Structure formats: structure tokens, C-alpha cells
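Two complexes follow with subunit A in common, the first pairing it with subunit B and the second with subunit C.
Let's look at the complex of A and B:
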């Protein structure tokens, strides 16, 4: 995984053209410096098509789900509404401080390492490595991020591969599906994405690639 | 295809959630703690379900969660 540099770069460079507009009932000027003084300390949140966006989910996943749920209307640019008022606490996670985003990101990294390497890589990293990961991502510094992340994405010496693959499957409004998916199957055969889908959805025909559109994978 | 909720209700299995204090958190008397961890390692996403956490990080009918008053594991 960590060796496919060109693919990693392509993924990193992926962008979603997005246009932002301020909710019509809030001050229509230019975002934070200009919103009403009493709202300036409020956390910002985004809405698409009447639904608040889950800030802790990967952006690409949110976009794919939005396209899926709106019959293809979410063609680029993706039009999001920006809000500073009436934070939808019932629908999305609280966002009490900017650190909440960083903590959420680091928790995902740790959880994934627990699945891949029983947490053995992340536990050998220092605070500065964690910071480098986060800042690399935040500042769009591919090399800075991957200098640390490659350690998390390599197999450990003596291991055939990851213990299991961290994967979440999103299906529209349904609950996220997360299980342990081993990389090696019976008779030591390397398992494929098809194997994973068959295990996750045993009652469905998963051989039709178009059906994949209905499920969004985050790996 | 049954939803995950329906699936889990049809599986006749209970997961024992074992809550262990971390740091100076007292043994549970109050119910609200600020920080929750799985296997002394990471905080699960707040919208994660116990079933998925058990599937990935539990075993032998048990799932160990740690609670704390301050951040403990990074």
C-alpha cells in the first residue's frame, strides 16, 4: 500500500469543486468576519439539501452519499450552505473546539492501527509524529504526511500483511457497517474486495460493479 | 437485505461491556465521563455502535471500555 506512490498522490490530489453560500436567514456578507457579532464564536456547519454534513466523516464519502441520495443532482460544483447559527446538536457531533477535529482524526488513525497492527505502530510514535500527520493533512503537505503515514501503512516485519483491514461501509441512511476483515482467507488465499463484500452482504449479488455505487467504502 | 439494526436484534448474543476507570477517575458512581476509550487505546467515534466495536475489538463476549475525566491516550 505504501509503495503505490503514484496512486497515493492521485488520491491525495483529488478535489471536489464546491460552492459555499451563507444561509439566507443569516447575514449575507462574507463569512466569519462579517457574521453577526453574537454568532462569531459559534461553530460553523455546512448543509446540503436540507441535511447537516457530518464533519467527522471523510469528505469524499459525504459527497458520494449526497450524490447517491439526490438522484445525481449533486453534480459539481457541490453547493453547500454555510451556517453559524442553530448548530444541529441532535444530528451532528458537537464541535466545541478546533481540537475536536484533530482528536477525531487521531482517534481514527489509532483505531485503524489497532486493526492493522494491534496498535503496535502508533504506540511507538511520538507526539511530534502525530503532529506531523495532522499538520501534513491540514496543510495539504503530501510528503510531510506520508513520511509518517507510511509506517502505519506498511506490514510489520515477519507479518504477511495487516492483521485485518480497517474498513467502514456506508449505505445511504443506514447504519455504518464495520467489521474485522482479514486479509488472508482459508487456504492462505489473499482475499479480494469481492470476498469482503460477500462477507458483509451474504444475501446479495455483489458481482455487479454498478451495485457498488450503492455502498460507499472508506478504507 | 436487513438493516444492521435488524440484523443485530436477530443475533441472540449479548456483549458484556466492562467499564474500567483510567487515571484518577473514580470507580463508576456518576454516569457521565468526558472521555471514553477502547482497549486503553483510542476513542471510538461517538456514533459507533457497541456491536461494531465488539466485532472489531472485543472477544469472548466482552468489550473493555475505559472512562476518564481528562484525555488519557493522546
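Let's look at the complex of A and C:
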């Protein structure tokens, strides 16, 4: 894990330059950099190119999908429209409470641990560990986050590695159905990204690097 | 209790044979990805119930989209009222996610421990379809739903 620290840090520090503009027909007085969800009457939502953003998805995935779907129109800074009205409840997840984002995040973490370790590591964690994980992420505290997350990234004693890799593959705006992608293949060989893509898209030539641009992975 | 998608579909098809309110729904053109679906009306709220297979948890998962007859979706507190749940119980029990096939917001009912309560299908000469019946009846009790709304 120590060797990976540099990569982990780089991923953590990744940023997407974004510009926000208010929808012209909406009230401006609510908009402030420091506004907290519980202080607003209406939940805020973002739109790019006419499409509401799925707030529960990682920003990198959203940005990559935006670039893919707009034929390269989405260049940095990424121009988003901020809305405070007409929340698209039929399309994106609700933000009924300040804890909504945290709960969604923890739900994903639990699901991922189920895939990696049959849920055995997350079940040994206490509420304070979950809180530390969430607050580390929320407050951009790499060490605080990874102090807990590294336990979720370790393999259990007696196991060769994770049971399977928690990964979502997006193509266009659709998430490809999740399957369990095992880490060890036949003859006990460790499987690569190529193997994963071959399994997910058996009818395609996944060795073509250009085709890879059509697919976005969320791990 | 873990099961494969094939085992789930065997259970599902047997269940549907004796529970006509439910039907098998194919989510893709080739009919390879299926789940069970039924509508339910509870106190003027339409529950669009889906019983799907979760590859992550290797077990069934219950998802639903509660909406008033006007089509307007329910808020979290309205759902709590509908099932008479305390806020804490509600948050422990349900999360909103995108339906994996339809890509629309649906509420997922958490299944931690539920599958452990039910035993493996096929063992102890349990007829196919019984597993899902047992599985659903646990939710019936948690959500205080009458059998007519869930079975």
C-alpha cells in the first residue's frame, strides 16, 4: 500500500476546473459559496447541457460522461448551471436532508465491501469509523480518510486478494450492469483491466485503446 | 445466503406461477436481464415494486418508487409516514438509488440479515418459490403491509 501512496495522493488531489452560472430566470439571493443545504429552502441542483447532474456519482465520472456525450464540447472550465427550483425528482436522487449525500456514500462503501470482502470488514467498523471516512472525504483530509479506507483496501488473512473488484462501467450515459469481476482467473493468474473489459464486452476488441475512450470506469 | 442469478430466476418464475399480482419483467431487448414487478396501492400511493437480483449482494433486492396518483413522488418524510417508520429506522432500512436497469430514482430496501433469516432455497425440500415468499413476508412485517399489497 505504501508504494501506491503517491498515486492515491494524485487521485485525491485531482480537480476539474468548473464555472457556475445561475439559471437566468431564478432567484439570485440564495446563491452563496458558503450556503449550507439546511439553510436553504430548496435543494440545489446542477445542469450541464440541458441534463441534470447525478450528484451521487463521482465528479470525474460525470465530467468524462459529459465530454463523451457532448462530442468534446465540454472543455475546462466545465460550465454548469446552478438551479434552486424545479428539482428534477423524476431523474435525480432526492436531497431531503443534509445527511442524504453521506448516506448515499456509505451505502456505496458497504456495497463495495460486500463485493471485496463479503462485507466482513465494514461490519467490524464502528459508527465513528464511518464518520471519519465521510468527514475525511468531505473536508478534503487525505490522511483522515485513508486511515479508515486502507482497512477496506486490505485483503483478509487467508485470501489472495479481494473476492471481486467493485467496478461500474459507463457507456454513453448508461451504467453497464454490474457483474462480479474476480481478481484471480484460471490457473491462479492475476487478472488485468484487459481481462475485465474482455469479460464485460466479449464481442468487442478491447485491445484497441481508442475504444476505451467510449467507456468510463468507476472503481 | 448467496444465490446465482439463475437460481434467483428459478425461484422467481415459480413464485410468479402462484402469485399472479407479480409478473416477470425483462429489462433488456434479449430478455436476459429480468426481475419481478408488481404495482400496489397503499393509502392512495402507488408503489411500483421491483424484485431484482443484485450481483453485488448475490441475493434478491426489493426496490420501489412511491408516487401519488398525480405522479408526484413522495419525499423521505412522506415515506416514513406511509409505513409509520421512525426516522432512524427509515434511514437504516431504505436508501434511494438509481434503478440499475431503468436508470431512474428508486428506493432500495436494505437486505442485510434478511437473506440469513431465510434459508437456502432447495434445501430441506422447500419447493421453489417459497424462498421469495418468505423473503417478502419479512418486509411485510417490517413495513406493516398487508399480504394483499406485497404478495
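The rule is simple: the second predicted complex is superposed on the first by the 202 of 219 C-alpha atoms of A that agree within 3 Å, B and C clash if a C-alpha of one lies under 4 Å from a C-alpha of the other, contacts with A are read in each partner's own complex, and residues count from 1 in each chain.
Definition applied: a contact is a pair of C-beta atoms (placed from the backbone, for glycine too) under 8 Å apart; a residue touches a chain by one contact, two chains touch by 3 or more.
The structure presented is a predicted model; accordingly, all values stated were derived computationally and were not measured.
Per the definitions stated earlier, placing subunit B and subunit C onto a shared subunit A by superposition produces a clash between them.
By the touch criterion defined above, A:130 lies against subunit B but remains apart from subunit C after alignment on the C-alpha atoms of chain A.
Touch criterion met: A:203 reaches subunit B, while subunit C stays clear of it.
By the document's definition of touching, both partners, subunit B and subunit C, reach A:111.
After overlaying the two complexes on the shared chain, residue contacts for A:97 are found with subunit C alone; subunit B is out of touch.
Residue contacts after overlaying the shared chain place A:89 against subunit C, while subunit B stays out of touching range.
Contacts of A:15 after superposition on the shared chain: neither subunit B nor subunit C is touched. Looking at subunit A, you'll find residues 54, 56, 93, 103-104, 107, 111, 114-115, 119, 174-175, 177-180 touch subunit B in one structure and subunit C in the other. Touching subunit A in their complex are the following residues of subunit C: 33, 55-58, 72-73, 75-77, 91, 95-98, 100-101, 103-105, 112. Residue ranges of subunit B in contact with subunit A, taken from their complex: 1, 3-5, 38-39, 41-49, 52, 55-57, 71, 73-74.
Contact residues on subunit A toward subunit C in their complex (touch as defined above): 54, 56, 89-94, 96-97, 99, 103-104, 107, 111, 114-115, 119, 166, 173-175, 177-180. For subunit A in complex with subunit B, the residues that touch the partner chain are 54, 56, 93, 103-104, 106-108, 110-111, 114-115, 119, 123, 127, 130, 164, 174-180, 201, 203-204.
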